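Below, each structure is written out as structure tokens.
In the two complexes below, chain A is the common chain; its partner is chain B in one and chain C in the other.
Now for the complex of A and B:
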């Protein structure tokens, strides 16, 4: 089959856009993992619940941006509550216990959503519907805006971790929990805060992504799996690595879907994962070997 | 184990085995099938205990081995006429062993959480392949096939009834339990347990840890494949859902609920979980996973030993 140059360009744009949303999901995951040693299986469910809160707020207020903020805040609070109830008691035990607890959480949250909202997919209206012409396609502006917003949120997170007082607390906690505690940093509060932050980011990506696909109870599954691949390929706990890996994988999948169906294009990301494990098991972009 | 402890253990084993042999004769059809199903899921969970409980590696990819066992058996049952039981077992074991070798080679490079995530992603690879390769696997619709006859060539041959099927499954599960128990007590099993306790030290003593781990994953995958074959024979049906990672998650739940590192614990966990599901699904219909999930989280927090954890030492004698 002959692939036109324009098609490749369109897929490049598509790949970068999906990559940025994926990066937003994965950076919440890698934040929680890198700092708290918690593998959050419920991340996809927080993403999905965020989208649902977005749907409800949209219906009540009619404003997309209010929905985005409200969903992030509510899910951040929910995340903090879930952390306190299920993960705080596991502190100091083998990190594998956190996988089990968050797996249980994901079962509960997903079925709660199914029970509460039913199996029919809901839709979030796009905040603006403008298009521009990309070769022969009318490309929606909204997609580009999502990519930029995601980049903005991740950039803000990076700046916050680098320069903000609380960001420095977070990094200190990552490096040495005991020492941070000794220096007067309220470590338990930092951990709860990080989980809330990661949850809020998942919710934000859920709302942002809502208009592109339907909102339903199983939407989290796909994303959390991809986010796990990204986090392993990018190097666990590395924010920059997750972003780079997200874009790399999304681009490859976008190109692959020129030839095969999107369902099979997923295999490309699996191949990337296998190759990474073969040649750089610590992740493509990790600086310190594990 | 002391002499009286050993006697008590084997007496207990025989009593439970006898109860399980008699059970299908007194139970109504529904519960007979239910019990057989518990044994099959129990075997799957038990195979995963080799990794979780004895080697300290949590596998989230057992659905791949289980599913390939089902599809491998399905392939033999569909291509060879008339369907042959032993060929199905052979084919199921071969395909799950091939997958286990592939997964083991890559995933054992990683430890702890990374191992768990990698096995999970590998099981998803097989899920996608099976889901999209419609010409061979039937895709989303899966495959249906007929049940083979129970028999030994040249000796006898009889169609499976639900009672003989139960006995057949029970025989396979009990034999697998004894084999696995023997393996965990062998020098090989001891090395696995020392990897769980302290991997660095095991390596320092001179054991090729990676090779032991690969063998452990393959062994575990082989028994998971056996469970898949039994499931295929019982349900005469293969579907991509069995390869989906939620099945792997349930297997881990059985292990944690029943008590890891006991081999029988996972079977008890499977029984407990399936009974809970049966009970709750009458009240909560399809939302039974909400209370089940809450109970599971509570058990992770308050009862990390699981139901049988308190008798771990005795069971491993």
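Now for the complex of A and C:
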């Protein structure tokens, strides 16, 4: 089958755009894993609850950007509370305990959303409705805007971690929790803050992604499954690795869908996951401390 | 002597293993105290218990008159206890400057004071100034040891718990560490020094505690002890 050059370019744009959204979901997940060693199965539900808070705030204010900020803040606070109640008491125990706790939390939050908001999907209106022409396609501006916003949020997180005082605290805590505490860093507070930050990022991605799909109680599942793949392929806990892996996997899926249906193209990400686990289990882009 | 750190009969366990069996000792203000003993007698655990990194099941630790037994390590660091662990444990992916700056984010430390403290450790350890943008994990063993001591100094501690600072270092570096201990002592910083290097410990310390099987068995002024003494031989096998 001949593939036109423009089709490859369109799929490249699609892959990068989807990759940036995925990167935003995955960076919250990788932040929480990298710093706290917590595999957070409830991340998808924080993404979904963020979208619902976005729906409610949009209904009250009519402003998408206010909804984005409010949802991020509320879910960050909820994340902090959930961490203090469910995960902090399990610190230092077998990691299986935290995995089961977050899995349980995920079920509770998902069913809460189903009970509270019902099974019918809600809609968040996109803030830009315009399109531009990409070869033979009407491509929505909003998709480009969320890719850029995702890049902006991840960039801001990187700058904060690299240069911010609390960013250095977080990096020190990641590398050696005991010595971080011995140097005066309030590690329990840092861990709570990191969980709140990761939760806020999940909520932001939920609101940004809301206009592209319906908001419903199960919307987090697919994205978080893919985000877990990205976190493993990128290197557990590596922010740059997550971004690179998100774009790599999304591009590969986009190119694969030139030949097969998009549903079949998803298989590509699982193939990459299996190959990574077989040949480079630390992740393709992980930086290993000497 | 005014006590700065008082350890009263602390017991600790690692699982079922009774590691500290009633350790008691005192470190006076501005005093250098050596803690000697064979491997595995609980010297490092004593430092960790003082630092709040290991929780004693019995006994208590006082900083001046304040009981600090169950305070978390970050509070103790901010109260003026610096800790340099046996294996240095610098943050390998942070730069030298970032490793140092961690201890500076304390209430009441002005930007001018932060600069002074950085300048001071750069003066004591010029190699750290040369390597300020280098990741801590890329430094040599000796440089990492200097960074670990310098990092503790950034807290402006009243006491530094120093765990085997000369282990694995070449003689030139050992002599530099000794100078630093003397300098800190002259500045009024107390040091509780755990060392395998007995001659060095006897030279820099004012008092010595000898440990065996999780407890202090002997205590003497350093000036009264010599490497060849029977008591040293008994507890250290030197």
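The rule we apply is simple: the second predicted complex is superposed on the first by the 287 of 290 C-alpha atoms of A that agree within 3 Å, B and C clash if a C-alpha of one lies under 4 Å from a C-alpha of the other, contacts with A are read in each partner's own complex, and residues count from 1 in each chain.
FYI, a contact is a pair of C-beta atoms (placed from the backbone, for glycine too) under 8 Å apart; a residue touches a chain by one contact, two chains touch by 3 or more.
Remember, it's a predicted structure, so these values are computed and weren't measured experimentally.
By the document's definition of touching, of the two partners only chain C reaches A:165; chain B does not. Once chain A of one complex is fitted onto chain A of the other, the partner contacts of A:39 are limited to chain B, with no touch recorded for chain C.
Of the two partner chains, chain B is the only one that A:264 touches; chain C does not reach it. By the touch criterion stated above, A:114 is placed in contact with chain B alone, chain C being left untouched. Overlap of the chain B and chain C interfaces on chain A: residues 290. On the chain A side of its complex with chain C, the touching residues are 165, 168-169, 171-172, 175-176, 178-188, 287, 289-290. By the touch criterion stated above, chain A contacts chain B in their complex at residues 39, 86, 89-90, 93, 95-97, 99-101, 103-105, 107-108, 110-112, 114-115, 225, 228-229, 231-232, 236, 261, 263-264, 266-267, 270, 273-274, 277-278, 281, 290. Of all residues in chain C, those touching chain A in their complex are 51, 53, 72-74, 77-78, 83, 85, 89-94, 98, 101-103, 105-106, 137-138, 151, 155.
Those residues of chain B whose C-beta lies close enough to touch chain A in the complex are 58, 60, 106-107, 109-110, 112-114, 116-118, 120-121, 124-125, 128-129, 131-132, 245, 249, 252-253, 256, 286-287, 289-290, 292-294, 296-297, 300-301, 304.
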